[in-house]
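In the two complexes that follow, chain A is the common piece, with chain B as its partner first and chain C second.
On to the complex of A and B.
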């Protein structure tokens, strides 16, 4: 299909800039999805000019004020209330407005076709649009207008756009995934604006008053000979799944603890104390060290080579010995003796008795531990005796 | 006898229905994906797009289109051929015209390729590359694209977020031309590939490819950050700072924490606007969309536009002095405190990455 060749611009001072502005739900409003799932509730909700469109208009005004353009024309496509948005644009400084009547919400492709038709009529040197509308978040219209007109495009513009008076091109910095990219585009061109391009001005009261007398032309789709394209239908609009409500923690320690134990964030696979893992985990590693040392020490003292004990077996044995020993000690006196034997051999290994002398800090804890356990077991025994007594008494 | 007639009618109707669905199935799905490559290899976003293409339907053939010039292009092509088992073919367009990803020649190229072979779907990732080029392609083809797709329900039914992700819109493409989509890659993670299959690589004949000589765009330069830290869009851990960090120097704390946890650094719009970090670290509705395992936000108030970019994170942690900050409503774990005290404490108490 034909590419559009615009009339050559002899003088940038006569250049027109076309800015498309969209009326959307205000960015601060918390939207609600309609219960019938047909869309978002926009009744009685604050509406404003799309923030990106404000930035686009602001940039156009700055270019005009710098002397590179003669006229800024604001366009809005939609229901009659769009006129309010246009009035805001005129109050900011646009020279005139065009309102294209449309009652249903059109797809970006139809909007692009309307803007193309307007460009054919108005012959602007630049078309500015916001990069996306904050309601549908499409980010399509600018690119499509450029394609339909066959003009170059510079999307997501940040940093000031500089126009070269003689050579009729613009240098644009674009925000891209990796950082910033600089392009130079021949005019006429389409530019879509990103957040950091500028800070839009507020409409001052004198300008608001002046805006009332600025012309707003009304046009229809028939005037522009545009066919509505509706090849996308909305099936339903729903709310996304809500996140589970979280907890407030009171300290960094608690936070780290929660992340480790509750969050199961795979991050913590890096740090997780894998209970036993393949090699028995960190606890077992320490035990292995102690076992080997004790082995060495004992063999040297008793002139007997004790066979190598596998750490995992040792840990399991130790744990079960403690359990069994405790139970048996409570039930049978004789086995208490066995338990005492266990205590003299196994626990010392655990508490590094053989490897440390009395001055070492591990020494005393062992004896304290031993004392504690035997005390507890004595108490259990006395309770058991009492129970037995009371049972005998009942008989 | 009435019953017999009725059941017969039912049978006929159900058979008709089956006939219609069979004809739908027989419509073969062939997908063309605009691939992104850098320094001789395919970008992960492109592989995610291939994963998405698999959701379109049963019998789908996936062709990757690579354009560029020189040896890095050919290297990327050969890597692309084995990047995913679903890729059936790699098309290579080697020309100086495609040295940089300019929308005008690239869109024309896609149209050129499409004219030679019929594709039912044309896809790209929703990166700045895909968002820049694909709508232009759609307009050249006179079709409406569906951008930022997060879920594919069928060959022509998709879900995309609207209103900064506060609503999800389910749309159906009913047009006759190819279905043009950009894919939000955080919604289509790539699982490790077990089978390896090498696709065919064919060089596109560009002799008949004509480009606009009149109005063009030219690449002038770029400024990108060269870091060893993981890419923000695909990192498993993201640590973000807000305006409360107050200076570029203070942001180094965030960087240290990110380094300790092996994560990427993100920022809110306010922090980028204030100049503490470059713009490509911005996370949010109009910045990058991230979906890491762990997202930690320090001094971030939690504006709707920022939350739009982090909603799909697995675990969100927030630290802020203000107990009423909206971020605490989406955070899984919140700590009300001064980030200038919390971050050093975290740096001290977090165990080293083994």
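On to the complex of A and C.
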């Protein structure tokens, strides 16, 4: 795994910023799935620049206007109509555009590879992307570009990016699940932009006119030597299932009546069938985790692996064995005792002694189980003694 | 950095209150190129560069040479009374066209064709308030290719989206449960069922190939006049003003676009066209009557293959509208399993409780219509007003500085319910007049003369008595129409007059009872928000409302008590709603973001209190197959 490092920037003032912009279905348009389910219908549909890409471009322009960069280059990958998107970008203020011709739509990894090739050619100091495109919501391309280039990345940028002229790094505030995170990234770097970063400027009429004379370079995939074979194939695109409409009840009595008569049946069914459900139900999920852990432990200590235990079957089996064992124990004690011996194997797994220490609440049930086991063994031994006695007596 | 030369506007505009500008005659600084250090623009294969003028330069370089300068700051240069805001930039063209619809684009294309024929070079600019060319275009539409044959004779070989020939003409009289077939008054042989939005987009492509500069996303908000009250151009709307009127950080002042000739092609009830007609008294000049209008509400459905019959043209009369309300519906089968279904309601209806949108939803449940729609899905929804004034309402379309073309003047043939071909022809005639005025020194009034000697005039003249006959009711109207169609063909010596203006025709609410409309079922009929979603309409939320009330007290004082708030019913986008304020009193709430730009409120408000002005460019619906 090789990291790629481009030549360190000698002067921020000559820095180039590469902004990737995507042509997507306009955000206000109602989309529909094509009848053959191969994708969303984009024929005769209004397309525009992805809103997050507009924010990315705006940020790049602000950095250039603040004097930290010399040139902003907009790049778009797609059919010939992408030139319109690039013209909008040029009208906002980008200096030049690059259009990489592609006839089909590509998944993020391919786009990332193309952007990497472009970065090798253009040597930008910063690559700006929108955090995600509103048509696929992948949120992958920026991160993949950074990984392919071996550059640092600051995704979901939400605050004005401040560059330090001398030390060549950028300070970025990121919106993360827990709040805001401030990162300092060395340049060259990849930054993806989130909604609150800025408000993109309008393309004014004089700028649109000026943009007509700004150059847009056309490149092909062969020029960039990118392998576009994708490991992912989209099999089917369907609309989400229509939600059943809710019912507004007019009084509390009506609500109770509905719960009793209509919801009751379904609750009953829920418990009846979802106890084990399709995958074994909630109990099985816990069991699966523990089984895996036990398996891992056993295999590491004993150098054998238990074969794949299907968790649902296992949980059904365990419960039924407990039931049967209990019954038979009452009727025919010795057989029940045999059956219950499996407790010695299963209990440690069930009570997860590998993970829990004495302070965990699992431990007391575990001791109870151990007690039960020892009881079984005692009974077993006493019966065995009796049998031996009876056998000796027979002789 | 570029060195910008300052070109100060020497025009005055008495209507522009926000700037205190005195008439200034300034030395004009002309620039030969935008002085810059960068090398001359390379000749890319950008579509607008494809047209090479006779001088061998790509077209856009020519237009740059025509005294256009860009200023980003107003520097005083020793001149007083420049407004302290960032100076507005001014761009000049030979011909400026407002609106990239059929009329506007036809005019632009005809101009360029004339330039090519006569070795002239005129710069043409088209501004369009929609985000895309064709985005605000909605029409039935059964297209008569008469004008297109004259404009672009080879359209059949140029992949025009005109493919489905009209195959049958059906005419039904609907009662609540039945559809009675009547002999069809329409003969659509030779016509095509199209989506006008697609056709306009194709025309836009053709126009750009000829070197016409089209700028979608810019709305013309004011007319610019010079010292002699001649129209010199328009100003685009300032962008980036927030709801309370303050400037946002993205504020961009509008741009003054000037034309030696300005053509207004804003469509029916164009906001600037109406101002011009009032200012220059264009209707009084030829004793024209007021314009009358109808509201069309349309949906495009994708239906079952088995029910689809491309080229089938159906018109209906009768249910759900009552005999006193003029209107009818249409159902056209396009290609790709799509049908266009719509209801047109004349806006001179009397009952203030009439809700055209709900009537349309009712229509869809009629057995004859339901049968076709069942199993289908709605693709798009939209609404727009259209002219029904016809011949009697055509104003004098020429004013100092330009002319009005297309539905802004009103050339729709009501009995045929076609206005596209006449709009296109009017654009072409205006272009010829403009070319004459600019290149050969003649006058724009030749437009009026050309109109009167063209087939547009003949057609509208022979169709003039159909619609006014319905003032007397449905049966007399049908009787007169039958007479006109089969016997008279307009050759009578008299011309019937229109009744009251649409806004005056609304009766007081106490004379009528509210109408109970059925609830939408979500399969055939829908509520307004669901339909609105399908129009792809949107406006930036943080901008001042583009629907202005001349007197903000009138809705609560007059509209609500006397007319039961008709705007909450005729608006097909639920823009106007009365909600209770903190004191429990109903207050008008304007949801300007929903607006479909149909102009029904501008037409039908009883006291003409609502003024429709343009919002920020790029907002509004995004029709693509309407």
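In this text, the second predicted complex is superposed on the first by the 244 of 395 C-alpha atoms of A that agree within 3 Å, B and C clash if a C-alpha of one lies under 4 Å from a C-alpha of the other, contacts with A are read in each partner's own complex, and residues count from 1 in each chain.
Heads up, the rule we're going with is that a residue touches a chain if its C-beta (ideal position, glycine included) is under 8 Å from a C-beta of that chain, and two chains touch if they have at least 3 such contacts.
The structure displayed is predicted, hence computed values, not measured ones.
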- Item | Combined model on chain A where chain B meets chain C, clash or fit | fit
- Task: With the two complexes superposed on chain A, say which partner A:391 touches: chain B (first), chain C (second), both, or neither.
- Result: neither
- Message: Output check: A:200 vs chain B and chain C. Expected answer is one of first, second, both, neither. What do you get?
- Response: second
- Would you sort A:26 into first (chain B), second (chain C), both or neither based on which partner it touches? second
- Task: Determine, under the contact definition given at the top, whether A:44 touches first (chain B), second (chain C), both, or neither.
- Result: second
- Item | chain A residues touched - chain C or chain B, whichever exceeds | B
- Message: Looking at A:212 after the superposition, I want to know if it touches chain B, chain C, both of them or none. Which is it: first, second, both, neither?
- Response: second
- Given the touch rule stated above, what does A:147 touch, chain B (first), chain C (second), both, or neither? first
- Task: Please indicate which partner A:178 is in contact with in the superposed arrangement: first for chain B, second for chain C, both, or neither.
- Result: first
- After fitting on chain A, the minimum C-alpha spacing between chain B and chain C in angstrom comes out at 5
- Note on the structure: Where chain B and chain C land on the same part of chain A: residues 28, 30
- Message: List the residues on chain A that touch chain C in their complex, please.
- Response: 26, 28-30, 32, 44-46, 48, 83, 199-206, 208-210, 212-216
- Note which residues of chain C are touching chain A in the complex, please. 34, 41-42, 44, 46, 48-49, 60, 70, 89, 91, 131-132, 135, 198, 213, 215, 217-218, 236, 239-240, 248-250, 252, 255, 257, 377, 379, 533-534, 536-538, 622, 624-625
- Query: What residues of chain A sit close enough to touch chain B in their complex?
  - Reply: 3, 5, 25, 27-28, 30-31, 33, 40, 107-109, 112, 131-132, 134-148, 150-156, 158, 171, 174-189, 194-196, 229, 231-240, 243-253, 255-256, 258-259, 263, 265-267, 270-271
- Query: Residues of chain B touching chain A in their complex?
  - Reply: 102-104, 107, 127-129, 131-140, 142-148, 157, 161-177, 212, 214-225, 233, 236-237, 261-262, 269, 272-273, 278-280, 285-286, 288, 293-294, 304-305, 311, 314-317, 323, 328-336, 342, 345-346, 349-351, 353-354
